[in-house]
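Shared chain: subunit A. Partners: subunit B in the first complex, subunit C in the second.
Up next, the complex of A and B:
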């Protein structure tokens, strides 16, 4: 069987950065498996700018951001097989895949990096009443039609969900001459970035209906309209608040789900909070030598942080393949008050490096205190003005503090 | 001029068409939609009923038991998945438990084998996710599941492979009898002539009969809403779980599908013809009932909801007979549950007892009863798959990542009988777009493949019905 030191599953931003870093960290051979015909993943359809502000200190488009990494991969001569879909992986770190050239085949890897990204929650999962006409798209699918294929789905649009892709598509459809009648958000706040609300809705006078949802879809062949209604604090529609909009297109931007079918199939433990693998700060999963990074691990707001995380996984995977990783001593780190999730969920006390802890709050908080406690001791504490679920937060734990972690530590945000 | 014209491309019409194609007859099917299996056959529970429900002596009871006995070989020939998973009618009270004994007795009279009453402990052992409040159940180990639209597609495909003709988008406007043959006209002025008409038009059966001059029955529509759970819930229940039946029918069930999903539903309410909108009330009713049956059900894993409208008629039994007023018109109407189970038996009866008494047909020697299943590729072992990929590299390109469907399989669905021409048509044949992302990733590519294979523009490709276009125009 063919053997590689590091096999990276997915050639999007996470996979690319991980492959580069694995190579640079001394991995003897690196192979990237990508199911699409080209590298770059979802960035290829994100033709708006705003990528790379943190990493490159410039505002790039998605394809430009991807290009920088693709160039680096090429420069190093890292092997890439596109049009290749991974079917499964197993505990012996065999990767089973399929493509036109090799048929169904398997590869043995010393380390595997999972970088499959995420998918959009579909309309089907929402149980919206009404008909099932055409014209209902997840926002990302519409984005692909408009930006990659050059086909406009329709001219009168209602968007459900104010996630970033929904907001970006509100602007994109407007620029293409479509009329976006409304963006509805079931929560009392948007789950998208503040800058996207301003630049994509406010600047184009697109109304945002907070605490509203679609209660009915109309139209037999093509969608002809939707009925929206205000929801109460339990997110149940309030009778008498219905409004009808006619439209020929409805976009759904109702959440992203890490695509972990391969991970789950391999028997790797998933977190019910992130829907991604449970990992330590090296992004190593429950199976030794299997790492995960990017949106397959937890959904990021900014690609810059995906790249950063992927580099951690890339280095760790190379080290593991080269046998230079030492003993581990992992303890749990869990989400406490007002915190939706913490990542990594495991802290290796022998890690020897500073650890960046990512987390999201569950609801908007003003003037909160981030507090990390372990065994009755406060390891970290800091105040911050505004927290929203739409923006991922992070704190740095100093390496000398790692010894202070007890068997279980809790990260909380103590509200206002 | 055809010998026999079948009106309606559902599972009843499909089985009839296939049965007809065994004989030296010229046969044709017309269907008003752009694909077959677009009515009740598209959206129902897919249960192969054991046969204890139907009233003793009814046509329902007769065809159910006959059809049930045929189903295993029938589906095997056609390459359609059938699973004898067994069914349980679950009692939640002493009264319901007592009623099960009556049901069992009725089953016995209908000729159903191996029926057994299980106690609470036995139940818990075979279905651990069943509610603790269940007190007993009627177990029918011979009951099974099948995919209704795949059965319709396969029967029609097989009939076409054996010479039957299919005309799509043919909506009847008038039927005239000229001496010993009928002239059937469509809304767009096409005309087909046939000696015999078999009315398998489902919800439209009354309309068709009326056009031909038969006003002897009424067909009404009953809507059933459903929820479908992700395949990751496969194995949650193994058998089809029914509540004890009421006058309104068999009620909401929790069942596996042959494809590994879990299906919940149906509701049952009267609607206007073919009104298949889902309702907030209906969908929440299903969830509530399903939770009573199986409290650990993970409703967060719902991947889609849908509704189907089924025909039932005022006689409250199947109508399978030659019209008493219009000679040469054979009505298969009001085929509600257990219609899917009964379909092969109804078809056999219609052709052997009703058609062949009027027209002469000899059994064809070259009739091929088998059809290569649309999902044949997935069942192959690695070496066979690689053999195919070597010859046809498109079988190495996965298009639908959730269901792992290759481009080769999609192209095949567009090329073999009955040819898929729409996004939904491809989905129903090979499951591309049927998975958890519901086509989010693969729809653009499937649309391009359909356009490419038919020399069409993507702007001509529909989701399902005419007018259900996906993309409208080129961007600025």
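Up next, the complex of A and C:
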């Protein structure tokens, strides 16, 4: 069987950065498997700018950000197989895949890096009444149609969900001549970035209806309109608050879910909070030598942090393949008050390096205190002016503090 | 005259009020920090936006493009119209100027390589 030191599943931003770092960390051979025809993943259809502000200190478009990494992969001669779909992986770290050149084949890997990204939550998950006419798209599908294919999916649009993709598509459709009637958000706040609310909605006078949802989709062959209604604190529509908009297109931007079929099939433990694998700070999963990074692990809002995380996984995968990783001593780190999730979920006390803990709050909080406690001891504490669920937060745990971690530590945000 | 601006410099999203006297900023209130003052002033006097869109190539494939510099907010739709009227020949390199001086000294630049 063909053997590689490191096999990376997925050639999007996470897979590319992981492959480069694995190579630079001394992995003897690195192979990237990508199901699309080209590398770059979702960045190829994200033609707007704003990527790379943290990493490169400039505002790049998605394709430009991807290109920088693709060039680095090429420069190193890292092997890439595109049009290749991975079917399964197993505990012996065999990767089963298929492509038109080789048919079904298997590869043995010393380390595997899972970098499959995420996919959109579909409208089927929402239980909206009405028939199923044409004109209903996920925001990402519409983005691909407009930006890659050059097709405008409709002329009059209502968007459900105010996540960043929905906001970006409100602007994109408007620029191409469509009329966006409304953006509805079931929560009392938007999960999108502030700059996107201003530059994608306010700039074009597109109304944002907070605490509203679609209660009915009209139309037989093609969408002819939607009815929206205000929702109460339990997110149930309030009778008598209905408003009708005529439209021929509805876009759904209602959340992203890490794509973990391969992970689950391999029997790797997933977190119910992140919907991704449970990992330690090296991004190693429950199975030794299998690592995960990027949106397959938890959904990021900025690609810069995907790259950063992928580099951690890339280095760890190379170290594991080279047999230089020491013994581990992992303890749990869980989400406490007001915190939706913490990543990594496991802290290796013998890690020997500073650990960056990522977390997300459940609801917007003003003037809160981040507090990490373990066995009655406060390991870390810091105040911050604002927390929003749309912006991933992070704190740095110093390496000398790792020994203070008890069997279970809790990260909370208090106040607000 | 007063103008209300939502600051986008950080997630706080301060609501800043800018007072204009004879076309000049005379007072800024509601900003949480100095960055907010600068943002609100620029946003009031000359709001500018980077334009990113796509352009059709001679074989029908779309190429992603951007403006070389941010353009006046009021010109965004004009820029898009001019880009949509043109087609470009393949191959295209990233960073290549596809339309020189489309409007007011602004160039249209490719953001991807296409064979």
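Here is the rule we go by: the second predicted complex is superposed on the first by the 416 of 416 C-alpha atoms of A that agree within 3 Å, B and C clash if a C-alpha of one lies under 4 Å from a C-alpha of the other, contacts with A are read in each partner's own complex, and residues count from 1 in each chain.
The rule is short, and it goes like this: a residue touches a chain if its C-beta (ideal position, glycine included) is under 8 Å from a C-beta of that chain, and two chains touch if they have at least 3 such contacts.
All figures in this text were calculated on a predicted structure; none of them were measured in a lab.
Of the two partner chains placed around the shared chain by superposition, neither subunit B nor subunit C is touched by A:205. With both structures placed on the common chain, the touch criterion links A:67 to subunit C but leaves subunit B unconnected.
Contacts of A:92 after superposition on the shared chain: neither subunit B nor subunit C is touched. In the superposition on chain A, contact is made by A:150 with both subunit B and subunit C. Contacts of A:233 after superposition on the shared chain: neither subunit B nor subunit C is touched. When the shared chain is aligned, subunit C comes close enough to touch A:386, but subunit B does not.
Contacts of A:327 after superposition on the shared chain: neither subunit B nor subunit C is touched. Set side by side, subunit B and subunit C differ in how many residues of subunit A they touch, and the one touching more is B.
When both complexes are overlaid on chain A, the residue A:400 reaches neither subunit B nor subunit C. Shared contact residues of subunit A with subunit B and subunit C: 146, 148-150, 175-176.
Put simply, subunit A touches subunit B in their complex at residues 35, 83, 85, 87, 98-104, 119-120, 122-125, 127-135, 138, 140-141, 144-146, 148-155, 175-177, 215-216, 220-222, 237, 248, 261, 264. On the side of subunit B, the complex with subunit A involves touching residues 227-228, 232, 276-280, 282-283, 302-306, 382, 385-386, 389-390, 393-398, 401-402, 404, 406, 436-441, 443-444, 458-459, 462-476. Listing the residues of subunit C that touch subunit A in their complex gives 6, 8, 10-13, 49-54, 56, 60-62, 64, 66, 73, 76-77, 80, 94, 111-113. Those residues of subunit A lying in contact with subunit C across their complex are 44, 47-49, 59, 61-64, 67, 146-150, 175-176, 193-195, 197-199, 202-203, 385-386, 388, 390-391.
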